[in-house]
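Two complexes, one shared chain (chain A), two partners (chain B, chain C).
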Partner chain A sequence: MAAPIALHLEFGGGAELLFDGVKNHHVTLPSQSEPWDMRQLLAWIRGNMLKERPELFVQGESVRPGILVLINDADWELMGELEYQLQDQDNIIFISTLHGG
Partner chain B sequence: MEEDVLSLRKQLMEKDREIAFLKGKIDQLGKDSESLRQLQDKITLHAPLKPKASLTNADIMRYSRQLLLPELGVQGQLNLSKTSVLVVGCGGLGCPLAQYLAAAGIGRLGLLDYDDVELNNLHRQILHTEQGLGQPKALSAAQALSRLNSAVECIPYHLQLSPENALELIQQYDIVADCSDNVPTRYLVNDACVLTGRPLVSASALRMEGQLTVYNYRGGPCYRCLYPKPPPPETVTNCSDGGVLGVVPGIMGCLQALEVLKIASGQGSSIEQQLVMFDGQETRFRSIRLRPKQASCAVCGETPTVTELQNYESFCGSAATDKCRRLNLLPKEQRITVLEYKSIQDSSAPHLLLDVRPSVEVDICHLSHSLNIPLASLENKKSGDIDQLREKISALKTQMKTDLEVPVFVVCKLGNDSQKAVQMLEKMSGCELERISVKDICGGLMAWAQKIDPSFPQY
Partner chain C sequence: MPVQCSSCTKKRAVLKRPKTGHSLCKDCFFWAFEEEVHQTIVSARLFNRGETVGIGASGGKDSTVLAHVLKVLNERYDYGLKLLLLSVDEGITGYRDDSLETVKRNQQQYELPLKIVSYEELYGWTMDAIVKQVGLKNNCTFCGVFRRQALDRGAMMLKVDKICTGHNADDVAETVLMNVLRGDIARLRRCTAISTASEGEGAIPRCKPLKYTYEKEIVLYAYFKKLDYFSTECIYSPNAYRGHARTFLKDLESVRPSAIVDVIHSGETLSVKEGVKMPVQGTCSRCGYISSQALCKSCVLLEGLNRGLPRLGIGKHHRLHGKILAQQPLTQQEERKLKAIDF
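Let's look at the complex of A and B:
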């Protein structure tokens, strides 16, 4: 059994508007037999935090195009993307790309 | 006698000063017309900049405070003077960027913008002035920059960057700064920079946030490495919809200028594989380590599929401007014009006018008899707001004393959100609400201001 893990989730660049405009969220994922990975975290966010219009955040099992995911201040591509195994106290940022000027 | 001589001498000195000032002004105007090329509405070939062998005394005086920096020095200053930079977009980012580049003594600035100066630009696009309203932004910016530093050659392009002209234009410049305001242009500029091998210093801003990256530089990733697929158009917010605090693109444009100057002077940029994020609300900067150049990238990868420029508007599903889109979700019968609504209002027929804009916009202006329930509250079925709507409709129903459906007219700023609201209200009619007949007002309050009430504010 993997113990529950506490995460700091941050949303920015407008992605926070899908979460009542709140940028910082401290969440605890319940204990489960396997360690939590990013794929499961996205499904958990979709099921527990997203109220309306989930397609503006997730698409298939990943995030929609135009959202950059950062794990502990690094591009998630460097960390294994969906396969990354979450650690207690990880900082996960979802940032919507800006285009205005 | 002696006093007369003194007084005459004093007058003579004043006149001398005046003459010197006027001579200076004439020289300045001559230089202005030299440094400021004519407004270009098509791409022409400009001769490459000639490297300077040394700095003049005037150069040394002018740039002395930056020449003292060992990071720049004389060689760095000479490098700046032989570098040309293309500024794509003379708006909130492009203005401060171009201003610092000109002040620092960059050799040549290409200033590209298809748009004209509007009053709602001036809070952030700080090269433009009230006198320049209606002028092409490229020209307005070039004139301001020539006043600042007449040694900088400014070439204003009053045109839209397109797949047809981008390569020809970009290959004439050493560095490209993306200061644009829409997704198709960002992909176009990226691909053109990859195909011509130019470094791309890219910034963006919205609301209170900004982002900055240098792409296609020293083996680092390009824009497509990070964003292989464009975002769905409905998820993209522009400054005219989402708003922006002027100083935020100002900060990002200044950071962009810093990276351009480091590349141009020979120091090199330090953020080729980094994303710098600025949160103006928390006054916080953050640097993120990005992925390296992707072997699978469609344009800069090992087997590129993009080998020439494409149609970026169809690739992104949106237009290459930041102007608001016009949705057409409803059939004609479900929409009325502002003129039709005016006659309904004048007839005092019972009806509900529902304003679905966010409350921050309602605070700017609204029609006095409207009920405000933001679109988001309808979407989320926010209970207090839905109760209020239900009560209002029931009261009208009682007042009408008939079995007819209560007429509801929905209004927003431009007539896009109002159509979405009509679709939601239709589903609620007869179950969560009394039966209503619901229509939207075409063109919204901005059409009202233009066609019915010129004293109504536009924003």
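Let's look at the complex of A and C:
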């Protein structure tokens, strides 16, 4: 059994509008048999945090193209994207590039 | 496993560049980003020493990054430019108010002079008032046409030599697609140009120093530099057609990142075959602004608003320009056609 993990999630660049305009969220993911990865985190956000129009945030099992993801301040493309295994106290940032310039 | 920077090989990489696939650390990324904009400016000869350059500033990510980078490069390479910020207040309560606050903070952060021109002072109408009259279907037409002229007029008041805007590679690629989808050959031919020469009286040359810069990098540059920008969609913009083009492009980019520059390249190398009719550019006989018709789009839209005939500028009503100029009354049938507007 993997222990529950606490994460700091941040939404910016307009993505926060899908989360009641709140940018910072401290969440705890429950313990489960396998370690949590980004794929499962996105499914968890969709099920637990997104109230309406989830298609503006997730597409398939990933984020909608145009939303950037940073894991501990590094581009998730360097970190294995959906396969990245989450650690306790990780800092995950989602920034929309889809909002006006 | 942290990835090392492929340039300095010392520090931890923070991003994978969409254009090159390189993994760079923060400092190497800032340097590469700024140098590429510098290369674009130099190779396209966008500016001349001594010029006053107005930066179209909306408070959004693109123009904020543009203002920051131009200030950095003007100092680093001694361009000898006088930079200032130029903003348009469309008069949209709760949207423009907040973004203009951002621009005012930018003015102080970057120590650049700021000029704000409002639709209300230029046209006598705020966007809030226009939406009340025309509804939410064609409001973007009004706003787009008015904004373009407003920037020019503000620039003229400040005696600016050039205007630069924050259009990035994604925007340019999107515009290429939009013009293909609309069959707008004249715009398709123009839209990839990095700068427009002065097209006669009333228009100031414009350029896009971020034309080859990916949106992803602009957003990450702003994020890592902690730049202060505003990100909310205009409350009046349900531009569904452009939205589809944008989503399509982003989907392509996620499969093949070079899709953005590839579309721009296609747009740049297209040539229009001989014999295709192009509109002839002249000037508006009322306000002197560039126009391919007797009256420019902005004057027609304004005339429509002031006469309570909002459809006037929306469809093709060129035939009526002569009548409007001569201030002749319209027939009942003409009026009826121009009045109805579906909300």
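FYI, the second predicted complex is superposed on the first by the 97 of 101 C-alpha atoms of A that agree within 3 Å, B and C clash if a C-alpha of one lies under 4 Å from a C-alpha of the other, contacts with A are read in each partner's own complex, and residues count from 1 in each chain.
Definition applied: contacts are C-beta pairs under 8 Å (C-beta built on N, C-alpha and C of every residue); 3 or more make two chains touch, one makes a residue touch a chain.
Everything quoted here is computed from the prediction, not taken from an experiment.
After superposition on chain A, the partners chain B and chain C are seen to clash. Legend: residue contacts after superposition of the two complexes on their common chain; A:75 is shown touching both chain B and chain C. Applying the stated contact rule after C-alpha superposition, one finds that A:14 touches each of chain B and chain C. By the touch criterion defined above, A:54 reaches neither chain B nor chain C. Of 61-69, 367-375 or 439-447, the segment of chain B whose C-alpha atoms clash with chain C in the superposed model is 439-447.
In the superposition on chain A, chain A positions 12-14, 64-66, 68, 70, 73-75, 77-78, 95-101 are in contact with chain B in one complex as well as with chain C in the other. By the touch rule above, chain A contacts chain C in their complex via residues 12-14, 17, 64-66, 68, 70, 73-75, 77-78, 93, 95-101.
Of all residues in chain B, those touching chain A in their complex are 89, 91-94, 178-183, 186, 203-207, 209-211, 226-232, 234-239, 242, 244, 249, 275, 277, 279, 286-291, 322, 379-380. By the touch criterion given at the top, residues 12-14, 51-53, 55-56, 64-68, 70, 73-75, 77-78, 95-101 of chain A touch chain B in their complex.
Only residues 2-3, 12-16, 23, 58, 60-63, 166-168, 170-171, 215-216, 218-220, 223, 231-234, 246-247, 250-251, 253-254 of chain C touch chain A when the two sit together in their complex.
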